[in-house]
Amino acid sequence: MNIQLENLVSIYHENTPFEHLALNNISAEFKENTYYGIIGHTGSGKSTLIQNLNGLLLPSYGRVRIGDITLKRKTKQRTIHRAKQRVGMVFQFPEHQLFEETVIKDVMFGPKNMGMSDEEAREKSAYYLKLLNIQESLFEKAPFDLSGGQMRKVAIAGILAMEPKMLILDEPTAGLDPLSHIETMQLFQKIQQDMGMTVILVTHDMNDVYEYTEEVKLLNKGNMIRQGKTEALLTNKVLLEQYNLEVPDIVRLTFDLERKGIQLAKTPRDRTEFIKLYREWRDAHAE
Amino acid sequence: MLSKMLLGRYIPGSSVIHHLDPRAKIVCVVLFMIIVFFANHWTGYLLLILFVVSITKMAGLSLIFLFNGLKLILILLVFTFMMHLFFTKGGIVLIDATLFTIESAGVVQGVYITIRLAMLILITTVLTLTTSSVSLTDAIERLCRPLKTLRLPVHEIAMMMSISLRFIPTLMDETEKIIKAQSARGSTFMTGSLKSRMNALTPVFIPLFISAFKRAEELAVAMEVRGYQGEAGRTSYRVLDWQYKDTLAIITVIIFGVFLFMIRQ
Amino acid sequence: MIEFKNLTFKYRAADENALDHISLSLKQGQWTSVIGHNGSGKSTLVKILMGVLTSYEGEIVVGGETLTEENLLSLRKNFAIVFQNPDNQFVGSTVEDDVAFGLENNGVEREEMVERVEAALDTVNMLDFRTHEPSRLSGGQKQRVAIAGALVMNPDVLILDEATSMLDPKGKREVLESLKRIHGMKETTIIYITHDLAEIDISDYAVVMKDGQVISQGDVEDIYKDIDALESSRLVLPFTMAMSKALSDGSYMSYDELVARL
């Protein structure tokens, strides 16, 4: 299942003095089984864009195709509901949406809304909770008695249990300590690979975008500036600086070494690869 | 719809009315609430309308803008008018249908009462549109100070009011976020029976309450470590500056009231 | 000078000590980072110092005076603190009102208040926003206003309790820049609580905590002498240090030094 945006325009408070053009004629595609990053400065339209991908917002003009579902200006609730099942959304600080008496009931909320039976919802919920390392002994506890990290996992399980085909992550590591940050990002990578899911990551952290995503879409002031392979866009220092985005650490170090005359075989994608390539270069140049 | 609502909104500006001391404005509005009842025939009501319209103009607000913002209130006004139309009896019978009669006193009374109500709503809207919530709470606190002798916790109430007002935008943003998050999990707020719509609110209210309590707790600690210990020994950063023009405003309203009283019939 | 002597504290519902015989001394005018994983006890330490948590064992000595319930209020006037969540520490309805809050509580005269509020907002570069509503500011701006609200009290000690952990990279930078300016200007003692090792290199002294205990302390170079201990404390090496460990001798170095060494 692909998502296609066709000339998407999004306007807030249309026909009032507060009118604001948030997205300007965006055309883009999100393909199956691909890890995407959406990058751009605050106010670039990232958040508006992802809300258009599952019907939380409807296009002011243009259309969004999610497989055989089309979302337009006046699409009916029933159709929007189906779009929400297909495209799951993990918001920033997802633990803030927990409300049920027990962990398992909270995770079952989404699946049941999507029409699953009690049994089916319970089965799926238990499966995804365990996948995220939440022990069965915690299932009947109140979600608010868990640690912050566990609460976030429960909230994420609540989205996964709806079995969406696509997953949108909005700043999924906000407020986490560095170790939990790495664990969370690795978890999403594993989910993406094991389940063959499309994942769309929205974040300010260029290191994460560089390390985990395959494709990047760069937005600025509501316009789609560039779409392409992560290794092409995030190694384009001029482009990143032009749009006030950080250069990933690894890319910066590779470039600085290049200036010193150390030319690695290619620009590495993560720390491990960097270390390997650097050692190779060192060995080749050792007299 | 909501974005066009004017009730309780503040629109910054630099008109004479904006610059009046908020205490003067509140006193004037209270006086006006009494004065409204002095009018008892068409000249009086005409003067009331003229008075309110000129104040609106002085505040730099357009009547069309106010009218658009108060459309919802219009329903209330129409309802008031209808009530009097049908239920106030007296004078000549204008329409005599089998189910109801409309008599001339009903029409007259309906028009008068509706004007009164409309003017009251307009004048209080002008007050809130031209005065920030901070100034309003300040003014209320100071005007209510004499009530302290009755052991009323005026300072505490004012503090509560201003903190609540300060947290309204934060909680509104939060509500919107939670609604979106639950809606992404398939929660429906717009469809189904009244009962199912009410049920759909639980997933919104519980997270909202939890977060509000957490905020309150953290805020309390923050206030404590910043040395808050109630009113004793406290000074105030904001000052209200009563000027000649504020006294003048009140005198003008009183004169208008006296005049309206004199032309009563 | 603040000294923690053999400090032990247990939360009522907990099985284990949140703080386990902590002894520390923090020097006047020094920027001390206290670093540790979530639940390592770093915030508990601050809460005890601020008098939010009581019933601890051990002793806290502030400027030669042992902290007791009686002198808590007067000693606390020397401290000011900025918390993690920028939204939950705003009292005032506008930026300047909020900064003035502490001064109002202490009965400072109005003219003096205006001067001090202005100076504090100027230090964090927020003077242009003085009449703005806090809810319309960015995270970094909110925290800078909170710092101004702390600074305006002319504290000897400024405490930041994970004050940057909810901010985006830009907000973090803004806050750190403001802190550097403050530290340089007045030699204010800064206690900077964080879970991010990448943030300690600006400090003069660092304390590493794990499970309620101090596992190492010293200047930043000393902290990196035992990289394995850091990694086993649920801490993550910052990029430069990870590279130093993998490709050089693992000693503390700046990014430029790393580039020069490779």
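Worth pointing out:
In this document, chain identifiers A, B and C correspond to the written order of the chains, with residue numbering beginning at 1 in each.
Keep this in mind: a residue touches a chain if its C-beta (ideal position, glycine included) is under 8 Å from a C-beta of that chain, and two chains touch if they have at least 3 such contacts.
For clarity, every value in this text was computed on a predicted model and none was experimentally measured.
Under the touch definition stated at the top, chain A and chain B share these contacting partners: C. When C-beta pairs in contact are tallied for each pair of chains, B-C comes out on top.
When chain centres are set by their Cα atoms, the one at the greatest distance from chain C is B. Put simply, the C-alpha centre of chain B and that of chain C have 44 angstrom between them.
Inter-chain centre distance (chain A to chain C, centres taken as mean C-alpha positions): 32 Å. Against chain B, the residues of chain A that register as touching in their complex are 13, 16, 18, 51, 54, 56, 77, 81, 84-85, 88-89, 91, 94, 96-99, 109-110, 113-114, 144, 158-159, 162. Listing the residues of chain B that touch chain C in their complex gives 132-134, 162-163, 165-166, 169-170, 173, 214-215, 218-219, 221-229, 233-239. The touching residues of chain A, counted against chain C in their complex, run 42, 147-149, 174-175, 177-182, 204-205, 207, 246, 249, 253, 256-257, 260, 262, 271, 274-275, 278-279.
Put simply, chain C touches chain B in their complex at residues 50-52, 76-77, 79-81, 83, 85, 87-94, 96-97, 100-110, 113-114, 117, 133-136, 149, 153. Contact residues of chain C toward chain A in the complex are 37-39, 138, 165-166, 168-170, 195-198, 234-236, 239, 242-243, 246-247, 258-259, 262.
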